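Order as written gives the chain letters A, B, C and D; numbering starts at 1 within each chain.
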Amino acid sequence: MSTDISTLDLEEAGAVLAAESARFASFGWMRGTSGNLSVVVSRDPLRLAVTASGHDKGELTPSDVVLVDGRGAAVNGGKPSAEAELHARVAALTGAGAVVHVHTVASVAMGRRLPGGILFKDLEMLKGIGQPAHDVEVTLPVITNSQDMLVLGDRLEAARDPRMPAVVVAGHGLYVWGDTPRQARHHTEVVEWLLELELSGH
Amino acid sequence: MSTDISTLDLEEAGAVLAAESARFASFGWMRGTSGNLSVVVSRDPLRLAVTASGHDKGELTPSDVVLVDGRGAAVNGGKPSAEAELHARVAALTGAGAVVHVHTVASVAMGRRLPGGILFKDLEMLKGIGQPAHDVEVTLPVITNSQDMLVLGDRLEAARDPRMPAVVVAGHGLYVWGDTPRQARHHTEVVEWLLELELSGH
Amino acid sequence: MSTDISTLDLEEAGAVLAAESARFASFGWMRGTSGNLSVVVSRDPLRLAVTASGHDKGELTPSDVVLVDGRGAAVNGGKPSAEAELHARVAALTGAGAVVHVHTVASVAMGRRLPGGILFKDLEMLKGIGQPAHDVEVTLPVITNSQDMLVLGDRLEAARDPRMPAVVVAGHGLYVWGDTPRQARHHTEVVEWLLELELSGH
Amino acid sequence: MSTDISTLDLEEAGAVLAAESARFASFGWMRGTSGNLSVVVSRDPLRLAVTASGHDKGELTPSDVVLVDGRGAAVNGGKPSAEAELHARVAALTGAGAVVHVHTVASVAMGRRLPGGILFKDLEMLKGIGQPAHDVEVTLPVITNSQDMLVLGDRLEAARDPRMPAVVVAGHGLYVWGDTPRQARHHTEVVEWLLELELSGH
């Protein structure tokens, strides 16, 4: 299969993802080699740059990146994480340009306490995900984990709320998305802040 | 409307605010793009330099700053946050030379637990806001949030205690002020420390 | 006793251990001068480079390292920690190429709460120690502390689970191992994450 | 009163104290401008270099230091904190070469919970303050705060346990000492670790 993404474009995407990963790793949200980040590099056909599997997320280089198609399969070689399939599905489903997957303690702890979803209301921080601070109730969905990315994607699709650019995967972590890597970063920070607030209140 | 503040003065103010913002961002108190900082650059007429809206508070440059008047309106262009109006009001009301607005988890968590205000006494740290450590009881007021800055300002004016250079906005965050950006920083650190202490005791 | 390990090899090992130690120290996991790290530099005879005792673990230099044999005794001079004996035993027992010993609050707090061992299941993070996320229950053993490294080693040998590359020493801290210093780091981060999750849930 | 301490010696002491202060500030243990550090520069007559009052403890320079005598009074000008008197008394009383005073949340929170003193036993970390890990019970004394340094010093003298190089001042913070600034740092880290452990278990 041919593709228009040049090696140069891919390395530029890899440099952005490496910087974003190092930031999240410094927060302790990508312990071990956990989590992965992606950015859409072409929409039609759908192509994403995804961080390579198995690396320390605080030590990625611009070349630690794999180009995948809409099913998460490698286009030009390399070994993407199985989760690349879910990144691609989130991008196709939501129109997001960037997807963040991190393993935070607060997301797993809160998913365990509130497996039916985590409700937020009357919080100014909701404006950080494009919602009004008042007069809305927004739920962060919690879905059951699976090693089958098709099953996990179906659950995400069924559970997601268009007003909330994130889903908690129980016993696993957080998926968050945005138009760009920077917006996805900000959405991730906002959702994690909301989770830490709820965690402190129990 | 003319003003005496030169572009150079404004950039110098912007450099100070960028450095202070980066510090608070590193503490996790400005997640997403939340919060904003200001410094008074002229008192008569009242003019404040306020951090520009929508930026990552760890990545501001000296030019990411807007000059506003006493009602929080832009003087020479740029798009201030709606909250610039409250910064201006705090500066006018208290005589403060700098205002800090941050979104800390502890302030929102404690505002939820004690919506009537948070009482501190017998704490040496109170000296950091100019109070004696003993024989006083100082209350950190908690006010209800509003998107109307006039309403929010009225609440702040009605609730504030001259001995406490800070107010918690429920479901939102913390406003703190001081004579200079450095003093406002220290007041912010002291108030947040007090909140974290109370949070650890519940 | 002669040995094939050159001074150069030892300093290279020391440089790796100094960098790993500085990382763990920045996490607050090596407060005071606590903890020590090792890497196997030869397998037959067994030789380990171990961080020197009594130094600040955030300030090690490549020469702050001691070469020890399979009983933890210094081969070419220097003063290893008494715990070097346990590092050597872990390396011999498990085949690990690197051993991490850190003093984390979460490991001692959880060892106190669950002295019979800490059970994990249905957690994606378990993949970070080579286990499936589902359909397994993995226990992090907790062993009683001792100043006698032979006794402590016997307890570790009796308690360890081959699926879990770590043991909590009650009232003391965490031993973790891996094929390389980097894998041992990742295992340490994963085990600590699991402990912090359990701690947040009580 | 003449003294043998040269300006050069004092600046060298100031450089050490500035570096130690910046480290503690980065841990969040010197919020606002709280806390102060000292090092003994002569024993007979007793002279200490103490960090200057009112500065941000993350931004000290080598000249932000004052030389004080055994009663905490400035020898060559400058304005020491009132607490310099207590530093001098600790140095005279214990023979310590360096004193650390920090405001940590854990020390004030635990002093509030256990105003009669905080007992530690069966903790390997006790070796970091020169105690055996087992078969001892060591108490971290908690004394009532006072603005009168003579009163506070009397309480410290009456309460202190020679086996514990630290005292909690209720509603205030932590005094810790050691032979050198580095040992005082390590003692501080150990005592704070012990306090954080106890705080996590309640």
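The rule we apply is simple: contacts are C-beta pairs under 8 Å (C-beta built on N, C-alpha and C of every residue); 3 or more make two chains touch, one makes a residue touch a chain.
Remember, predicted model here, so these are calculated numbers, not experimental data.
Among the remaining chains, not one touches chain A and also chain C.
Of all residue numbers used where chain B meets chain D, under half belong to both copies. The two sides are thus made of different residues. Taking each chain's centre as the mean of its C-alpha atoms, the one that lies farthest from the centre of chain D is A.
Centroids built from CA atoms put chain D at 32 Å from chain B. Distance between chain A and chain D, defined via averaged C-alpha coordinates, is recorded as 45 Å. Counting only residues that touch two or more partner chains, chain D has none.
Applying the touch definition to every pair of chains gives A-B, A-C, B-D, C-D.
Residues of chain C touching chain A in their complex: 27, 122-125, 128, 132-134, 182, 185-187, 189-190, 192-193, 196-197, 200-201.
Looking at the complex, you find that chain A touches chain C at residues 28, 31-34, 56, 103, 105-106, 108-109, 112-113, 145, 147, 169, 171-173, 199.
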